[in-house]
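Both of the next two complexes hold chain A, though its partner changes from chain B to chain C.
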Partner chain A sequence: MSFLPYALAAWLFFVGLYGIVTSRHLVHLVVCLGVMQSSTYVLLLAIGYRTGKKAPIFTSGVPTKVGAVDPVVQALTLTDVVVSVVASALILALVIEIWKRSGKLCRCSAPPCSAQPAISCPHGSTTSSRLRSRQP
Partner chain B sequence: MSPRVRLGLFGVSAAVLACLFVWALTGLPQFGAFQGEYGRILNSAAGPERHVTNVVSAVTFDYRGFDTLGEEVLLFTAVMAVALLLREARSGDERRADAVRSDVVRAVGLFAVGPTVVMGLYVAAHGYLTPGGGFQGGVATASGLVLLYAAGRYRAYRAASPKTLIDFAEGTGVGTYVVVGLAGIVVGGSAFLENVVELGVKGTLASGGTIAILNAVSGLAVASACVLIFHEFLEELMTAK
Partner chain C sequence: MIPLQVVAIVLVGLGGLAVVAARDPLRQALVLGVYGLTLVILFVVLQAPDVALSELVVSTVAFPFILFTALAKMRDRE
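Presenting the complex of A and B:
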């Protein structure tokens, strides 16, 4: 079962990537990016884990002889989290700009999401209108 | 590009990427059997050398303190970019009604503001002793302020976090980090981010030397960054028609 943390990291990465590729909505895309980024946390922490060891915090209650997991990857994960949060904020600010300029956030041909930036996008109506236009 | 072509292209490239991923994973140590010398040495050296009990903080603010400076600058740049994008001449000053109408939600939420802020400050202050640190505590403190808006009134939130003060705090947080680093060259006479403060007694709040200072200023920078980002997005919401 020792491969499971790595498998989880891979799963999060590819699920997030799939979401980005198939995304039809810019906010949905940022959320998918967040899922993808969280795979790096899992991977980093999984690499630094040592079976049976404690957290690298040596307060008086923790016996030092037990040893601790790797502190470097934990510090890296901390950096990773902070960077991903501010990166998401920056992308969302760009999304707001796009919405202000073009009035839409999703790749719909019909004008369904012009008034409010709704998360859900009425895919059904656009596909049906496309199907209808194909008919002679 | 039609969705089907896009998905097909993704399938092929994801398969290749997955192969590379698995290949890379085979080169990693077995889960739970990591033998990195760097981390092992730091675990045994950080306590005697820096008088701290939380080695992660010692790595973040001392051994790899220069990386954290890069992170701080990145945080600062991203927040400035958000402000630059969103803080423009806003037309109209339509203030929406407060979102919360329920008295119970308001009472419980406002009651939680104080404890949340205190907990955030506690986590930030004890960053080099127990789990936590400036980054985590900063976010928790900022969320306490945001709660003031979420459960209370927009006006109360604005009064508690004036924009000039938050801007100033953000700049001070990042700037002090650089100043402490330069102090290592000027006062310590050796290297950037060299410890120049008394290391103190291990396990107490007065320990860690520059780690304590850098921990505090990072907390300030992160808390004000969170509030600033929230500010900008909230302003968008408030002025949107």
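Presenting the complex of A and C:
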């Protein structure tokens, strides 16, 4: 196995990290976190891969003569895929709570969102003022 | 290292870049579905068909559904 899948895992990790650092929108940040998590799938599968071996599915009950790639890391990857979407759902629920409380979704804290017309921010300060006025 | 693996790896690399580069979240959810499909191709090529099946369901149905639900919930109270 060459270095290419490992390089892909590192590439996906740093691309996702770049997206998280430069993100202006909280939902965009969650999706970039998903890209970062997908680097772990590639890393795990690259560790278990053996050149020329088949998938670890034995229909006859006994391993074939060709041999199979490592099924343990594939089970780990399967768990990783399911857990990552659950974690993303949890973070999205937190994002909805943040939006309910502050009324905005962008991470520009010092200047208000409406002061930066170049960045698309559909939920400006008007929503937060309306929410605030609704509260007793 | 067969050529199909190299092609799949390059596709996944470009897909990840496209997902991060899409700044609008609604558009990004669609790009994420396509990126998940490239990941499915890579997993099949890496001899992991069961992981590919679960990734197919998660990345093209479950995760966009969750994203759209969250975006719709935050839109209709504007």
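Here is the rule we use: the second predicted complex is superposed on the first by the 102 of 136 C-alpha atoms of A that agree within 3 Å, B and C clash if a C-alpha of one lies under 4 Å from a C-alpha of the other, contacts with A are read in each partner's own complex, and residues count from 1 in each chain.
In the analysis below, a residue touches a chain if its C-beta (ideal position, glycine included) is under 8 Å from a C-beta of that chain, and two chains touch if they have at least 3 such contacts.
From a predicted model like this one, the values you see are computed outputs, not experimental measurements.
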Which superposed partner A:11 touches (first chain B, second chain C, both, neither) = second
What is the contact status of A:72 with respect to chain B (first) and chain C (second): first, second, both, or neither?
-> first
Now for A:92: first (chain B), second (chain C), both, or neither, which partner does it touch?
-> both
In the overlay, answer first, second, both or neither for which of chain B and chain C A:60 touches.
-> first
Return first, second, both or neither, reflecting whether A:46 touches chain B, chain C, both chains, or no partner chain.
-> both
Which residues form the common part of the chain A surface touched by chain B and by chain C?
-> 2, 4-5, 18, 46, 49, 51, 55-57, 68-69, 74, 78, 81-82, 89, 92-93, 96
Once bound in the complex, which stretches of chain A touch chain C?
-> 1-2, 4-5, 8, 11-12, 15-16, 18-19, 24-25, 27-28, 30-32, 34-35, 38, 41-42, 45-46, 49, 51, 53-57, 68-69, 74, 77-78, 81-82, 85, 88-89, 92-93, 95-96, 99, 105, 120, 122-123, 127
Hey, which residues of chain A end up touching chain B in the complex?
-> 2-6, 10, 13-14, 17-18, 21-22, 46-52, 55-60, 67-75, 78-79, 81-83, 86-87, 89-90, 92-94, 96-97
Complex interface listing, chain B residues touching chain A = 3, 6-7, 10, 14, 17-18, 21-22, 25, 28-34, 36, 38-40, 42-43, 46-47, 53-56, 58-60, 64, 67-68, 71, 74-75, 78-79, 81-82, 85-86, 129-131, 133, 135-136, 203, 222, 225, 229, 232-233, 236
Chain A partner, complex, touching residues on chain C are 1, 5-6, 9, 12-13, 16-17, 19-20, 23-25, 28-29, 32, 35, 39, 42-43, 46-51, 54-55, 58, 62-63, 66-67, 70-71, 73-75, 78
